[in-house]
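Letters A, B, C and D name the chains as they come in the text, with residue numbers starting at 1 for each one.
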């Protein structure tokens, strides 16, 4: 039996951001193979052009080197080069039946983990080894759950087929779309997605959290003209001033009466030295809304602000979509089934459907769910509670590891029951 | 005889930014030694704590590695580790006499050099090998001039002593102060500094360009609180918004009626990802003025803007001085002498004192000149013209190499005449 | 019988903004008196110090003069001088019983009314005579309804007492609080408030629209130092730059996950001439939220932004609350009763409770409702639909006059039924 | 003899801003006529369309009414209606000779005068009666000087002709151009302009101050869409946000290396109420430069910023030139003559040419000087010192009245000497 706590802590110590999950995915592959599970990964399971917000070549290479240094198997991860870090495990059952899929995300965040004594990973010595990267959203736990589930189901003692989807780059909602476009979800009849935490306390389970916000992630590049800031500032065309003006005005986009909205300029990078008028500036930003239509309007306003801010300084601007997600609607059939099965897990004291109007962020599992539902399949998005001591994406975010065992047990039950009770519905 | 054109083109191909001039300084040392000139360098000639704006350890190390790869002598550059890249050559004359010093700066800029066909280094294949670094201010020519002069004077066939000062990190006005604080200028009776170009055409010579602007280079660090931009934006304290507001307002500091001013936020770096409220932001900026007093007032206003922009967002800010320079007043005695000697150089068609009220930027040679003058010595700052096809610090900046021979000949004449005619004046 | 259409059009032509409703209130008094209804008004019914955002003395006087020119009775409006423009009509019934109150707001907006042909008041020649003022929120209709109701109930043929509250300065949520503080609501057992339109179509009726947003209206005054913009700009301390920075940053206050929010800087006035650094700047702004707690946090953030924007420019700032409102919770008892009675009005085709979670703005009727409920009374806030061709506060806003007859009939029914069926509940 | 101190204090108490100098000009006319001097004024001496930045009709009318209330002669000022407030006095000499002109400006500023005890007009009870208007630039003294000079020369005991030009609207550099376009300067051989103060101390005289800055005064009008800030903020198009963004970015226009520059947004007015998204915004602003070419570039940048700020918010913008001036070059012939004559005035202790490179602001006398010089005539711009206790355009600006007598005596000497010694040079 794999020691799930050890595994989770190992992943926690080696956080890898989106499309650089070389060591993580490599480990997933090794473990799946150790359970005799069939594995596909890399370009086999991802459409390269549909990936969004892939890091620069140089960063991919550095991360790759780092993974090798940290014990990744070069023969395995060779196929992931360039940011192809998805892994699909498939377990064929012992007789015909439906395809049931589970999705686990693997990526970490560019956050510097807390060193304070009351932060458990710091106190118990499994804090991130990679300065500035951190599992601050529980994906280390998600990946661990996937491995725990894989081991439990590895014998194939069920009808149909189980698909275990280990997805890269959920942060920034960049990775799922590429798997969907490759067709990975096309034969799936039933899809279960889950997340730890998101404000739900330890001991509580939500069978079908809906809502989520439509979102678009954008990158804007401003290009002006450098000049010596002392000798001839008037010859410069200042890309940083354009970007700063855009940043303030993007945040000042009005609230909408018809739907919730969010805007955030998450990154601004500009300039080379104190005495040079900045020639380039880069913004990474996002819009969100509970309405897809309003989200599209937000994107239009951002584009207009970026363009006008550039014009104002005699600078040019280019804008690119680097990520996105849509709202989620859970199928009542699976929501009910999840709540029923959760009652068999002693760790779950409180069980409910969860909110259908969640504002907890955005999820690119939405693309997977949407594809399955388009094809006539069913899907749900569940939440397993933990008492996280700080919000998601915070330097002191943490989970309680007992929640992982609850999750594994539940998912196993859901797999077995769905496979035995439900029918093939997708005939694509 | 060293081939000065070959040397200049070699330096042009290997541009190194301030405090990372490992290969350049190494080459200077090798050449000076090949002329049998006594060399001091590294911590012997620089006060570590007085260096301003030294790059991070990691960047210093990468540059060091790069220099080694590009043929730097590891035994020589070992002593420069950590950013100690100044070199002092000393040539003792054959009888007592004054100390005459010449100053040459060696550093390049973080600018991407043009690839266009009408850019000579691109057309003639000696464009920068280091993507994003470039000699765009003529310091490759300055260093070459210093080597040319060294060879001419290497026999010591003169009274007194010649000091050849090869200075790092003039860009950002960061390096000179450290040599001054180490006492390198304390025995110098006469100091000649020179620059190529700065708007003066080929064939023209200025014997004593004064003015320059007082300047302060600053770094501001904003620290807020990260938060998930979708789930709880109100828990964030946005360091990027603070930095953007500061940037706009720093540029909006009023003109001053009593003196010329400049302000520039040259760098803004902030944020980690689209979906995180930015926790950190860094500004690199500068103020300049023809008046030291007004420059101090500009710095005060910048500090107030930075602090208030931070307060506005519930963010903290720290501000640090990372560079600076003062105005320059040339001594008429040396200005006249320079103009007289220039008349013997056929390449100089037009000779003048130059403006005493130049606004061409800032120069940390000002600290050296000020120190020499404080001690009773004399100094001047000369300009040798070139027809630069684009402004300094521009991707298409270039010099005509014939100007280097004019410069070497002139400096040799100035050395010999000053050493033979002038007296020891500094008795510190 | 008063011609309600003529009355409404007369009021529409003579729009008066908050606390300057001299002509309107004067007309209301004349009409109430013509029905032999007892009238109190002026300082008798308003607490002067509790009025918020009262215009300057000079503006009050100009408006007063204008009202006189437009036929207001000087003997009547004399008592309103200084902005005391509330009117209370009281009709004693023929036997003991409860007190039932109705509230009507009378003020117009500082909006320039459309002159386009498809705007009914323009086409039918009853467009505003006062350039820049307009009834763009239907209060001309509300006041007219109150007069129609007064005439119907003027005989006192019912038990108990009817109180008709004609309120000034609802726009900016400034007027109601002053009546509440004067005790006008203290004896009211049942209170009915109503609004035309707010997105509800003609023929539809809502018996108890709740929600509304908590709001605070603020005025910020920046004081810097004037200076000649050519001769000595550096001696200025620029109040306008402070106000512009505050404006952008107030609009950039983040969305809140826990509640809906709104921010708006509605007015910025600054400066005297092109060549003077602006010494003063005034902002008029508002915050809103579905949560009173979040609204208070918004106000704190605004205060911090105003203060820091001032500090940034060496300017001082003062901030003052000039208006406010709280959320509304309707009593089911009256909501049900209103829906029942509405069924008797042929003009109402669709009847519902309306949303309890409205985001249609803020209402200072909220203070009146809150006071009645505090005392044990009941209250509701109803909506009578109109097909307004443009949003409220838009130059082309308009109502259909037939809705006024629906409203009068309904309110009369509500008065009679409440007075006869309900008991005295407030014993203060 | 007119009591000049009394006259100056009367003018000081009745400050009238540009194009509303009804009472001032009326008084000038009455006095000139009392000296039997021929007077032309109103449309006879001004080209209406060439006036810049004329106030709105309503403001002109209010000022006109105010002038009548304050004793202006209605028969006289009738002809000035609509802002035609220039006055030309002509004194024919007793034999043929050249035309010598003197120019005096009459307008005040929209500044609230100090009430502090150490402010002489407050202490001695001749502070401005018009709240918010003030003679804070000495034009009350200039006008008084013109009257003093008129009385001295009224007998015509000299050859040639004297033209006394009383100009409106110098502030904002709006008025002079209109007189020039009407041809008032076309027959002038010699023109003397003068200013009190501008940093020159009492007892000092400058015979030919040059320099001044080229300037353009602009008005920008933004038009968006109003909307209710609570109910539907997204339907608004926010003119105030556009104006605030423009303001910050105009102030952030870079310094120019080739010339001095100034930018100032002197006025921003926007919005109607806290709860309305602002539909309109108005900016009044100026650019200045020691170079006409750079000033034109500044105007281009302002136009681009205004347009882009509008685009950014989906708002439209219009921009209009409302004032302007050019640099001044004094003729050495008159400068020398002025310095010679000044030596006869005991009040002048220190006499010099003054700076030819002044940065004290802008002057639309520049257009008059330019026209005279174009025609072959000569002109100079002189300064008579006063110890002004606060800068020009400051609430505590003041002059010493003894300077007026110095000025009158000097101008009389200049008139007589020029008329007797100099020849007719303009033959247009």
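Just so it is clear, a residue touches a chain if its C-beta (ideal position, glycine included) is under 8 Å from a C-beta of that chain, and two chains touch if they have at least 3 such contacts.
Which protein is which chain? UniProt says A, B, C, D = Amidohydrolase.
Remember, predicted model here, so these are calculated numbers, not experimental data.
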| item | value |
| --- | --- |
| Separation of chain C (Amidohydrolase) from chain A (Amidohydrolase) in steps, with touching chains one step apart | 1 |
| Most distant chain from chain B (Amidohydrolase), judged by the mean position of its C-alpha atoms | C |
| Centroid spacing, where centroids are CA-atom means, of chain A (Amidohydrolase) and chain B (Amidohydrolase) in whole angstrom | 46 |
| Distance from the mean Cα position of chain C (Amidohydrolase) to that of chain B (Amidohydrolase), given in whole angstrom | 66 |
| Distance from the mean Cα position of chain D (Amidohydrolase) to that of chain A (Amidohydrolase), given in whole angstrom | 66 |
| Interface hub residues of chain A (Amidohydrolase), defined as touching at least two other chains | 231-233, 241, 245, 248-249, 251-252, 254-255, 257, 262, 277, 359 |
| Residues of chain C (Amidohydrolase) that touch chain D (Amidohydrolase) when the two form their complex | 109-111, 171-172, 198-199, 213, 215, 217-218, 226-233, 235, 240-241, 243-245, 247-248, 251, 262, 264-278, 281, 284-286, 288, 322-323, 359-362, 391-395 |
| List of chain B (Amidohydrolase) residues in touch with chain C (Amidohydrolase) within their complex | 231-234, 236, 238, 241, 245, 248-249, 252, 254-258, 277, 297, 304-305, 307-309, 311-314 |
| Residues of chain A (Amidohydrolase) defined as touching chain C (Amidohydrolase) within the complex | 248-249, 251-252, 254-255, 257, 260-263, 359 |
